[in-house]
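Shared between the two complexes below is chain A, which pairs with chain B and chain C, respectively.
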Partner chain A sequence: MAGWLQDNGLLLGLAVLDGLAYAALVFMVAVGLNLVFGVLRIVNVAHGSLFAIGAYTAASLGLFFASQGLPPLAGYFALVLAAALVGALLGPLIERFLLRRIYGHEEVLQLLVTFALFMILEDVQKLVWGVQPVSQDLPMTYLGTIDVPFGDDEIPFTKYQLFVLPGIAVATLVGLALFLRRTLAGRMIVAVTADKEAATAMGIDATRIMLLTFTAGAALAALGGALASPTTSLVPGVGAQTIVLSFAVVATAGLGQIEGAALTSLMMGLGRSVAVYFAPEFEVVVPYLIMVAVLLVRPQGLFGVLETRRV
Partner chain B sequence: MTQELSRRALMGATAGSLLLAGGNAGAQQKPSELRVGITTFLSGPASVFGVPSKQMAELLFEQVNAQGGIGGIPVKPYFVDEAPGTEHLVGEYRRLVQNEGVHVMFASISSGSCLACTPLSDEMRKTTLLWDCGTQRIFEEGKHPFAFRTQGFGTPEVLAPLLYLLKHKPDFKSIAVINQDYAWGRDSWELWKTAMDVLKPGVRVVAEMFPRLGATDYSTEVTRLLASRPDVILTTSWGGDLVTLVRQAAERRLFERSTFVMPVAEASLQLLGKVVPAGHVIGARGDHWNNHPKPKDPAKLAKFVDGYRAKYNEYPIYPCHHMAQAISALQAGYAKAIAAKGGGWPNDQELANAFRGLTFDTPTSTITLREDGQGLEDQIVGLSSFNDKFPFAVPKDMIMFPAAMVSTPVGMKSVDWLKTLTPAILAQTPAPI
Partner chain C sequence: MIAEGLIALLGAGVLLVAALAIPWLKFVLTIALAKGIAVLGILLLLRAGQVSFGHAMFLATGAYTVAFLAPAMPEALLLIPLGGLFAGLLGLLVGLFVVRYRDIFFGMLNLAISMVLYSLLEKLYHLTKGTDGIRVARATFAGFDLPRETQEWLMFAIALGLAALFGTLVAAYLRSPMGRALAGIKTRETRLEFLGVSARRVLLFAYVASAVMGGIAGTLVALTTRHVTPLLGYWTSSGELVFIAILGGAGSAVGAFLGAVAFELVRVYAAASVADAWQMILGGVLLLVILFAPGGLWGILAGRLKVRA
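Moving on, here comes the complex of A and B:
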């Protein structure tokens, strides 16, 4: 082991840097899904569409700002604005007119409804943005790269990847944790997550909390997409690719567990990166192997708590 | 009485046979419209190919119909989405033939779709033009009398860039591959590796990576490529995957460390603008570059490119050219079949017969369909470069590899044939055009 580490320690270091950036992106999407899942008890398949629409909107806004001759920093404003717009417009619309009608219904119906919404939103994306890849990488290229020492060599990393993505993920984690524990609205969300009926009996307007939570979840999904947009090219299907991994994170983390989502994203990000270096054949499957391993030991997820089934 | 019954029975049986045979032995009634079923990707990541090719089909059929159609009747296309998968596609193929009564099928972009559709062409005796898929397995693993591929295939599309690389950078010692994790990504690497091992033995493979199809982040793979410093990086990726990989690689200066070989780059170049640096090997799955230096009919190519640009505000990419090739083959095939029948309308068998050995024009050259149904299409490979005419990379120092030189001969399997190659093939490589 010591010999292997001596031979591959530098590569492992690179894998950790890559894994951190990837984990940050995964966390940003999964945390919103986890929040929604915890409060609304709905597996929202359309979460991937919100990610995609957030990404497309950020790219479009960024391109528009650039065409107007605004400074490159406006590209970062475009990322935040896109998340806010998608969250504020689509979130309440979907929750009020669609999800509210299926609370408490069978899970299969909820899945079908959100899947139908996902398909509709996929077509909306094609109608608005077409099918050719859309890219806007100014927020990434503006910051440039930083050379990381690698033996006698140096490996350039983008500063966006190394600092911005993990930084925003950590800020989101801390901010959400503080919001949920230190604010009245946050505590009400936690109360509804734990027991909706009891929370309602205590005078909490659960309907409003659910609307607020879904809007926040939609904005987080859109922010995840917006943050990913400078690093990638957006094509039809990008939302579907994202949602599968997010579900794995939520299942592994445990219902409504923000810290669990962070830890799971980190495990999966690092696991995938290490696989790319040392066993690339397993790159795709590693996150799901982690999920299976965790669920075998803790079926309720890493941070989940066992619930007594109500009859 | 017995004799009369026998005569009646014989006449009835003869008439019945003629009816069952669909009139194969007799006159075929000319339909009021020529119905063409077209399978293409209308959703999902591969719609970056499917939608432009559909647009091209609509544009060209509009022009064909304005000029009187094919054989004097208008053409009506029926588009089917490949994205839901092969089971769905097989059902749609049957529906189009049995319920819609299509006369010809165009299939498909995905090799998996083509592998599913060609047995149906045998079973339903329906002429099927394989208009874009590249898998070499189609005609190497079986005979399909009603299937014809109106463009090249995977083997020449991989061998030509390898030969170009061996001419351009003969001293490379190491290589890495990063292909999409599906049939084309795996098959193209097998073809490349087999040919490379016989034409330039001893090249060290420093990384073999197959990220999932539709991956949105390649930063880890790029880091590994930066760390392993291969002389050459091969990627047969396409669509959004290639755009993302190239953007991330360019931002981190990977193009300065290694020479990229991108046999399918053409379709992504206009999206990438100036991101692909000069001096890297690019291919187009054929000879159909919009800046082809010596097209057979320059005015025809210019009209083709400008017509598409005028309508859709973008340059046609190679799937558009492949669709145009299939439509040109359709016109030539019907013309030949109708002429062979003295002006009569051909039945399915007569139509399929006409396609065997058919030569038809393309926007850049001509293609001939071999006896096994495979089209012989030349391959043009070049180095990425920039000029004043195009706002994106286009090839320079182009070499046109004759189809016969880089295509697996009839009756052989590609991997077996590639193993028989010798470095002498490099001496046959034509000079740049």
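Moving on, here comes the complex of A and C:
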């Protein structure tokens, strides 16, 4: 073991740093999915599409700002603006005109409605942004790199991936936890999650809370996409990849668990990036294997709560 | 019941005439029939209130069985049951695990396991040629190496025959005590167990049956398209199968094929006229069906004819 660590410690270190950035992005998407499920009781298959649209919008805005000769800092504004735009426009639109019609329907139908939405949004992306790769990496390149010492060597890492992504993920986690526990709106969300009927009886406008939550979830997905956009070039299909991974995170963490989603994202992000260095063929498989392994032992997920069986 | 059989017969006649009248339609209809067989499996699980977003893995298993074995043993009449067998074995293995879960967890576990298979098909390049896929070697039928046109007709006939066979079996299964027990899982599982029926075993049987049908469907797709890619097993393909089940109407075996034919025709025409928006059109159709015709196409048809499915 010690000998192996001596030989592979460098790779392991690299994998951990890579994994952190990746886990941060996964968390941003999964936490929104989880929040929405908790309140609406709907697993939104189109959540990944919101991630993709957020990413495309951020790239387009960034390119537009750059073409107007605005300073590079405007690129960061573009990321946030994209998330806000997608959340505020698509969120209420989808909740009000589509999801609100199917609350209380069979789960199968709810899943399929969001699957239909996913299919529609996939083509919307193709029609608006085309099928050629879109990329805008200024927010990442502008910050430059930092040399991380590994033994005798120094490996350059982009500061964006090393600090910005994990930083925003942690801020989101802390912010969301405080919001849900300390503010009135947050506590109303928690109340609706726990028992919608009782919450309504207490005078909480559940309809409004659901709209609010879905909008917030959509904005989080879009922010995840926007943050991911500088690190990669965007191609069709990115939404489909993202959603299955965040499903895995949510199911492993337990439905409706925010902190659990963070820990699980970290596990899966690290697991995947370790696999990239040591067994690249299995890179994509790792998150699902973790999920299957966890659910074998804890069927309700790592932090999930068992529901009593109804007779 | 008898009316349902009559409609199925009538439908088979319509497909045959359509395939005769418009030659290229034969290919589309063969694929539609194959998918319909896979959708029958989805139907069984839907009866228990469970939705699998991973059943394309069994379709892919059947298809890759054909692709791997065809060079060594190009006999279609052996490849088809073998594909069903391997998919059934995988179904048993996966089923033993997933039948312990319900609802969202059931759906997501299926999804996760199918993604494992998909990723392996994509990444193990030296075995599967990755996303390029494998070209399926030419198959023989009962030892005869037939000309292309005859082979296409034969595949259509086999698909139609298997569709009829599995359609009848599934209809009989759903009326049997085992089928009723499936519905019991949906309404209230605990009560089923009070009766001394093991819900897990009931679900496992349906799951393995659905896997076999998925595998058979996969072999038909592989033998017809003569090319297999990992995309056959991607989660969106699984979603399509559930889509077809709801489009056709989850209540009836005929609905599965009605849905599959409608789905493939809309797909072909939409893809030909608006290349980048066919998914959007299909998604729109799905939304309309769910919101305004919850019984699916079969529900509309049965309502018109006053048939009880």
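We adopt the following convention: the second predicted complex is superposed on the first by the 308 of 311 C-alpha atoms of A that agree within 3 Å, B and C clash if a C-alpha of one lies under 4 Å from a C-alpha of the other, contacts with A are read in each partner's own complex, and residues count from 1 in each chain.
The rule we apply is simple: a contact is a pair of C-beta atoms (placed from the backbone, for glycine too) under 8 Å apart; a residue touches a chain by one contact, two chains touch by 3 or more.
What you see is a predicted model, and the numbers here were worked out from it, not measured in a lab.
The superposed arrangement places chain B and chain C in clashing positions on chain A. When the two complexes are overlaid on their common chain A, residue A:234 makes contact with chain B while staying clear of chain C.
By the touch criterion defined above, A:295 reaches chain C but does not reach chain B.
By the document's definition of touching, both partners, chain B and chain C, reach A:122. By the touch criterion defined above, A:131 reaches both chain B and chain C.
Contact with both chain B and chain C is seen for A:284 once the two complexes are overlaid on the shared chain.
Judged by the touch definition given at the top, the superposed model places A:247 against chain C, while chain B stays out of reach.
Applying the stated contact rule after C-alpha superposition, one finds that A:259 touches neither chain B nor chain C. It is stretch 109-117 of chain B, out of 1-9, 109-117 or 127-135, that runs into chain C when the two complexes are superposed. In the superposition on the C-alpha atoms of chain A, the part of chain A touched by chain B in one complex and by chain C in the other spans residues 122-123, 126, 131, 280-281, 283-284. Considering their complex, residues 43-45, 47-48, 50-52, 181, 207-212, 214-217, 219-221, 223-224, 226-227, 229, 239-240, 243-244, 247-248, 251-253, 268, 271, 314 of chain B touch chain A. Contacts from chain A toward chain B in the complex involve residues 11, 14-15, 17-19, 21-22, 25, 122-123, 126, 130-133, 135, 137, 140-141, 145, 150, 153, 155-158, 161, 228, 231-238, 241-242, 272-273, 276-277, 280-281, 283-284. Chain C contributes residues 46, 49, 51, 53, 97, 100-101, 103-105, 107-109, 111-113, 115-116, 119-120, 122-124, 188-191, 234-236, 239, 242-243, 246, 250, 276-280, 282-284, 286-287, 290-291, 294 to its touches with chain A in the complex.
The part of chain A that touches chain C in the complex is made up of residues 43, 45, 98, 101-102, 106-109, 111-113, 115-120, 122-124, 126-127, 131, 240, 244, 247-248, 250-251, 255, 280-285, 288-289, 291-292, 295-296, 299, 309-311.
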